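Worksheet: one structure, shown below.
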Amino acid sequence: MPSTAVLEALAAFVEERDWAQFHSGANLAKSVVIESGELLELFQWTDEAPRDDVAAELADVLSYCYLLAMKLDLDPDKIVLDKLEETRVKYPVEKARGRSEKYDQLPD
Amino acid sequence: MPSTAVLEALAAFVEERDWAQFHSGANLAKSVVIESGELLELFQWTDEAPRDDVAAELADVLSYCYLLAMKLDLDPDKIVLDKLEETRVKYPVEKARGRSEKYDQLPD
Amino acid sequence: MPSTAVLEALAAFVEERDWAQFHSGANLAKSVVIESGELLELFQWTDEAPRDDVAAELADVLSYCYLLAMKLDLDPDKIVLDKLEETRVKYPVEKARGRSEKYDQLPD
Amino acid sequence: MPSTAVLEALAAFVEERDWAQFHSGANLAKSVVIESGELLELFQWTDEAPRDDVAAELADVLSYCYLLAMKLDLDPDKIVLDKLEETRVKYPVEKARGRSEKYDQLPD
């Protein structure tokens, strides 16, 4: 999972500013999307975006993801690994190899 | 950072399916937004979303974030901590405490 | 449909700047999301956003929607009315009245 | 503007279902983004998306845009034309022709 230091730093940042009052699930989910849009803006007309800019925007997306995870007492690593297990089943290697279709459109 | 096991599991998942060919920066950034939209859909009309559903959608957002980070050789923990330092400066505790305005609209 | 004047003004704006070269379907779809994220940012922590700001951001979303429609030779009015017919079937008044669930979760 | 018929059809659809109670500004803005994400999903790994699918998703984005405009008593055509005037000033033809940079990064 993100190191405890990261989660603790985020939690302390919010606590010091008394911002938990604004962090409803809906508001955090909105924030994840808003920051994702800023990340995408770096790639609006191009495949190449400045690495430092990507780092800064990606950090914002991750921060709100971690805040939402903490709010719901979800372990970021565990949910990623759990979901990956499900995705493995939906996209078996022999069917999905080298293909970008959605699982329900993959040829048998 | 996310445990090495998580990043390695994601990398192996992609490698086994030969999907790196689809993972341009722009496509991964699009994927982060697409999955963020699915996360937000759980909160479209409500502040309360089923925790298991949030876990599954949040996992998708995180997975694409980590894939983009790996592609650009960015350490997820480091970029979050670096950005947090910048945000601390923009939102000093004494100005931002209990307020949700953007930094350039905070009262002096 | 949007008045011909609006579509013509948008087309002329792009033509004068020789921007059609950047307007692939994917780039326009990215732009719709990016601008939608900026619209949502006005409502990040609140239900009340300044009307003029909403107008400006909503205009950006609409502009890219119209550019994408023109690129694919789609009539904005027609597609909205066509989709509305489909949605009427999915959400019959007697089942959906006063309820916000998705169609597949509405009680019989 | 979208023909009166379109706006009236949308308004009647909502009225019949008693859905105005769910249509806060924030919820409509969320809906615009959620539908935009579904539109983008059609272009996740490709520049070519099926035209009928684009029509259906674009219709959803437009529908929520119009509902938000009606809620705030904004004329869709007018706000697009007003914003276009501002954008003309930010992107003068002689500076922006054939370039995709943001206005503050255009060469003089």
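Chains: A, B, C and D, in written order; residue numbering restarts at 1 for each.
Note that in this section contacts are C-beta pairs under 8 Å (C-beta built on N, C-alpha and C of every residue); 3 or more make two chains touch, one makes a residue touch a chain.
For clarity, every value in this text was computed on a predicted model and none was experimentally measured.
**Q** For chain A versus chain D, which are copies of one sequence, does the interface use mostly the same residue numbers on each side, meaning over half shared, or is it different?
**A** same
**Q** With contacts counted as defined, which of the two, B-C or A-C, has more C-beta pairs across the interface?
**A** A-C is joined by more C-beta pairs in contact.
**Q** Please tell me the distance, in whole Å, between the geometric centres of chain C and chain D computed from their C-alpha atoms.
**A** Using C-alpha averages as centres, the distance is 3 Å.
**Q** Nearest whole angstrom, what separates the Cα centre of chain A from the Cα centre of chain C?
**A** 25
**Q** Do you know which chain A residues sit against two or more other chains?
**A** 22, 26, 30, 33, 36-37, 40, 43-46, 100
**Q** Using the touch definition up top, name the residues of chain C that touch chain A in the complex.
**A** 22, 27, 30-31, 33-34, 36-38, 40-41, 43-45
**Q** For the complex, give me every residue of chain A touching chain D.
**A** Chain A reaches chain D through residues 26, 30, 33, 37, 44-46, 100.
**Q** Please give the residue numbers of chain B that touch chain A in the complex, ascending.
**A** Where chain B meets chain A, its residues are 1-3, 5-6, 9-10, 13, 16-19, 21-22, 24-26, 29-30, 32-33, 36-37, 39-40, 42-43, 46-49, 51, 54-56, 58-63, 65-66, 68-69, 72, 74, 76-77, 79-84, 86-88, 91, 93, 96-98, 100.
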